[in-house]
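Next up: some structures, all given as structure tokens.
Paired with chain B in one complex and with chain C in the other, chain A is shared by the two complexes that follow.
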Partner chain A sequence: LAPWIPVVGLEIHAQISSNSKLFSGSQVQFAAPPNSLVSFFDASLPGTLPVLNRRCVEAAVMTGLALNCSINKKSLFDRKHYFYADLPAGYQITQQRVPIAVNGRLSYGLCTGNKMSQMVTKTVRIKQIQLEQDSGKSLHDDTRSQTLVDLNRAGVGLMEVVMEPDMCCGEEAAAAVRELQLILQTLGSSQAVMAEGQLRVDANVSVHHPGEPYGVRTEVKNINSIRFLAKAVDYEIQRQIEELENGGTILNETRAFDSKLGCTVPMRDKEGKQDYRFMPEPNLPPLILYDAKSLPANTNHQQVINIDWIHERLPDLPSVKREKLVEQYGILPEHSFTLLNEDGLAEFFESVVKQTQMKPKKVIGWILNDLLSYLKQHSLAVKESPVSSSLLADLLNLLEKKEISSTAAKRVLAELWKGEGKTPLEIVKEQKLELLQDQKELEQICQAVIDGQENEVIMMVLG
Partner chain B sequence: QKVSVEVLDQLEHLALVDFRDSEGVERLQKAIQFADQLQEVNTDGVEPMDSVLEDRWCLYLREDDVTEGNCTKELLDNAREKVEEYFVAPPGNIPLPTLEERETFLQGS
Partner chain C sequence: AALKQGLRSQVSAALKEGRVTPTELCQRCLALIRSTKFLNAYITVAEETALKQAEESEERYKRGQPLGILDGIPIAVKDNFNTTGIETTCASNMLKGYISPYNATVVQKLLDRGAVLLGKTNLDEFAMGSGSTDGVFGPVRNPWSYSKQYKEKCVPESHSENEESNWVITGGSSGGSAAAVSSFTCFAALGSDTGGSTRNPAAHCGVVGLKPTYGLISRHGLIPLVNSMDVPGILTRCVDDAAVLLGSLAGHDPKDSTTIQDDFKPFELPNLTDVSKLSIGIPKEYHAPGLSSEILTLWSKAADLFRNAGAKVVEVSLPHTRYSIVCYHVLCTAEVASNMARFDGLEYGHRSDMKDSTESMYAATRREGFNDVVRGRILSGNYFLLKQNYEKYFVKAQKVRRLIANDFVKVFRSGVDILLTPTTLSDAALYTEFIQEDNRTRSAQDDVLTQAANMAGLPAINVPTALSERGLPVGLQFIGRSFQEKQLLTVAKWFEKQVQFPVIQLEEVKRHDSGVFQHQKSASFS
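Our next item is the complex of A and B:
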């Protein structure tokens, strides 16, 4: 049987972290009384006009720069038309002709090897980033055969990040999205929490034989976590392969991921083929961005966005932070990935290193093996750890000064975990875990053991 | 070239317009003909114009402050049906009936 090459692309919508919406002054907030965060514009009442939020543009520029994109100094807004109850205007304002950023790339790490301990770096091309409006929320009430509409989310700013089909499986898709999530959170342009709908991912999946053109692709929606993203993509790849190997065909359709059943199902589509009838948004002129060279003299700073100014103020991206950790502390690249993958873990590690004489290369083992596994077992975040960085540092100092053995240290840690407020030294004294340093005392103990086991000793000496 | 019945049917679905009679369809034909005149101009190498104001049409950037919202009652007063501060809509888009089922001029075509 000829091998199959799966091809995976992603369309990611990240909610912009801002106080107010993309084109209006109503508040952006997750949980609020229905329809309380809605302006007349959001409700599409006649006579209202869109007014672009500066912060949303800055967020998109930051994200574009972080993803190595070319920022379009002139980008345009368009209307995308379709009817749905949570889209009051009957169209979404988006950037279809000329988006704000294009042609970038995202590097991400994959764990490979037998023990998942080797890191491989992969890259996915970013086709574009565009600014667009979010829609409201529909709550389906099947019992009363109606839909309840809450427009609080209508008009919130989104950055749509389009990733080219450079990925080949669920693991790669998940790793790419995880890295994007970390970047967005580092930039602050989006909090990117999938559970709160701040990061939504749709996957485009197809399969083909080597040397042949790409196969028909399906779009998979309703993916609610990074774990489910990997499952959904892998399921869809398998489904398509099985379908084709059984002589079937793949329909260019939209499918929904059912997390309970772990499969994708066709989404009911009574509308037939959609035609969005794109047209330029007549109420918004082109968005012009400047850099240090093109900045016009005597301008109102509030009305001008300088790409270079934003570039200079970008924080260290995760990849840079990882390199610095590896260089500064001599830890392995895969360690740096784990440190950054858990919120607050890198800071915890650095805090312990500061407070202990133990070498970072040894400290990292205690952080990743002991601390992290405790946290995971009890589903705790780093900031909820009953063992603070100072307590752990104190313990590691005792070990480093050879006042206790490493087995004893693990017992002390288990005790510290109970969070009863005892210090490592107190626990060591309580449980008499001190290492004996006195030569004479050690000799006495050994002699006593030998004396007590005369027969065994004779057997050993004889052979 | 006349616009086909399939396209007219699709337009009725997409835009919810109603080509009620032959006059409506004829008006559409004439509008298309009128717009097609644009094709006679050679625009090779010419950037599309966004506005006659050209670069004097500046996009105003608003500060990221919360200045609106909190008018639930006023908004819901406009709604024909509401449930506990939610707007009420049908369970999904009600599909336009098929050509055969609609009272449209196109039926006879």
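Our next item is the complex of A and C:
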């Protein structure tokens, strides 16, 4: 059987973290009462006009720069038409002809090898980033034959990030999305929490034999977590392979991921293909961005965006942060990945390192093995940890000064988890876990043990 | 009586001096509206709020603190502008009963200056049409149909028959606004102009109709027909008044991203006496098929007028004029299809009782809410926007639009200051004749002289010039350079002074007149 090459591309919609919407002044807020954050424009009241939100443009520029894109100094807005209950105007304002950023790349890390201890760096090309409006939400109430429409989300700014089909499996897709998520959160351009719908991923999947052209692709939607993304992609790859090997064909269709069944199912078919009748948005002039060179003299700083100014103020991206951690603390690259992967963990680690004499290379073990596994077991975030960085540092100091053994330290830690407010020293004293350094005392204890076990000792001596 | 200051300024002076109060003025206008109801110029008369505004204005005058020239002045607004708390229908079933929750920027500006909003005027449904005959509230009748001047010229028949079948249209689509100003029920009115919708009815109703440069006046709150061509239009009885309105309305609006950022300085129109430095262009393509010989003669006489006064008058060419109607048709219908997509019955406006599915509800709502004209344009527009047609039609039309605009650029660059053209092909048609042809045909015919200015975004103005043989108004159009309204209006004012267009002689107005609506003795032009 000839080998199959799976090809995976992604379309990611990230909700922009901003106070107000992309083209109107209504507030952006998760889980507000239905239809409480809807301006006249959002409701498509006749005569209202879009006004571009500066913060949203800055977010897109930041993201474009972080993903190594070319920022288009002139980009355009278009209308994409279709009728749906959650789209009040009957069209979405998007950037179809000329988006704000193009031709970037994202590097992400994969753990490979037996024991998953080797890091490999992969790259995926970013085709483009475009600004567009989010739609509202509609809920179908079949029992009452009605559709409930909530427009709170209608008009919220989105960045659509299109990743070229450079990935080959669920794991790569998941890792790429995870890295994008970290970047967005670091920039602050999106909070990118998938559970709150701030990051939505659609996967484009196809398979083909080496040397042959790409196969027909399907689009997979309704993926609600990174874990499900990997599952959905892998399932779809498998499904396509099986279908083709059984002599079937792949339809160019949209499928939904069913997380309960762990499979993809065809979505309700819309008769024929949609023609979105794209048209330039006549109410928005072209979006012009400047850099230090092209910025005209005497411009009102309020009215223009300077790409270079934004570039200078970009924070350290995750990849840079990881390198710094490895360099500064001598930890392994895979450790740096884990540190950044958990919200607040890197800060916790650094805090502990500051407060203890123990070498960072040893501290990392306690962070990744003990602290992290405990948190995972109890589904706690780092910031919810009952053991603060100072407490852990105190404990590690005791260990470092050889006042306790590492076994004892683990027992103290177990006690500290209870969060009863005791210090490590107090626990050590309570449970008499001190390491005895005194020779005489040790002899006395040993003698006492032997004395208490006379019969066993005699048996041992007799052989 | 001096035409120097304009009627509005005279009224303004009268208000200031207490010779008439805002409430008296308001009441007289409301009474006149009632007695000219047969014109069907108003869809909604906001009697209560208008009187309240008038009272507030009166208070300000008493305190000696009027807000300005417009304080207490009754105005009317075309029913496609949003007005808070007042029904805004666009003369369509789709928006019957729709109460706007906000004011269009232009409406707000007028109210902020103390203007008294009498009501919303009638139009073609969603501003689609050139007759003001295709709205759900019925056609608007041209006040000149009832003028002494027209009746005198009519073939004598039984009196009542005359009235019923002899009336002429106002032109459109801002016919209600034009009729309202023409019949003295208000001192100024807002219209809209996408292909000539302010200038056309202005010409037929014998009033000044100004289309400002695109981007000068905010469109926020104007329910759009073609976003890239629409402008709020100004209808007044004299050019000076148009300048005052323009001064109150123009300027950047942060709510409308297509308005220019530059500061706008309101101006007073100088009294031009010397036109020798002026260069007037006569575009030969505007000698369009169907242009009546009457108007041709008038146009020629006007050119002579300028020439004899020392101006340079040259023939120019705008070679792409003949493509503008087709180009307009493609671009207009495409934008209409897009702009009308929001009318689905879900959030506001008419909603059908059809409940089988969301889609069937949409379809039924739109079929019930829109008239044939609107539906026709939506279908055409969607056709042109289909992927397989987009390049062939929409993009092609955009390119032709650029050529049309460039024609004007070239001509203005060659030293011409202002273009002089006819506004309409003939005087106002009888309603019974007008409706013999469908809306699309009529629009295509009637827009020919006005619509290129919308393509190019240029300012243009209709100045009432003379009465036709039928005793009906005929106007001529001046087209100016972008954002050069001051020059345009200055020339228009000079021309207005030369032609001394006669005042309409309406029975109803005579009855209500008590000196405020002054009659001028003016030599007729023709």
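Assume the second predicted complex is superposed on the first by the 440 of 463 C-alpha atoms of A that agree within 3 Å, B and C clash if a C-alpha of one lies under 4 Å from a C-alpha of the other, contacts with A are read in each partner's own complex, and residues count from 1 in each chain.
Note that contacts are C-beta pairs under 8 Å (C-beta built on N, C-alpha and C of every residue); 3 or more make two chains touch, one makes a residue touch a chain.
Not measured: the values here are computed from a predicted model.
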Partner chain in contact with A:D275 - chain B first, chain C second, else both or neither: both
Partner chain(s) touched by A:A292 [first = chain B, second = chain C, both, neither]: neither
Partner chain(s) touched by A:M460 [first = chain B, second = chain C, both, neither]: neither
Which of chain B and chain C A:N19 touches, first, second, both or neither: first
Which of chain B and chain C A:R79 touches, first, second, both or neither: second
Greater chain A contact set [chain C / chain B]: B
Touched partner set for A:Y91, first chain B, second chain C, both or neither: second
Which superposed partner A:N53 touches (first chain B, second chain C, both, neither): first
Chain B versus chain C as contact partner of A:L139, first or second or both or neither: first
Touching partner for A:P34 - first (chain B), second (chain C), both, neither: first
Residues on chain A lying within both footprints (that of chain B and that of chain C): 40, 43, 45, 51-52, 81, 83, 85, 145, 147, 149, 151, 275, 277, 284-285, 303
For the chain B and chain A complex, residues of the former touching the latter: 10, 13-16, 50-51, 53, 55, 57-72, 75-76, 78, 83-93, 95
Touching residues (chain side chain A, partner chain B) in the complex: 18-20, 24-27, 33-41, 43, 45, 51-57, 76, 81, 83-85, 138-142, 145-151, 270-272, 275, 277, 280, 284-288, 302-303, 305
Interface residues, chain C side, partner chain A - complex: 81-82, 88, 90, 95, 100-102, 104, 219-224, 226-228, 254-258, 261, 334-335, 337-338, 340-344, 346-348, 355, 358-359, 362, 382, 385-387, 390, 394
Touching residues on chain A, where the partner in the complex is chain C: 40, 43-52, 79, 81, 83, 85, 88-91, 145, 147, 149, 151, 275, 277-279, 282-285, 303
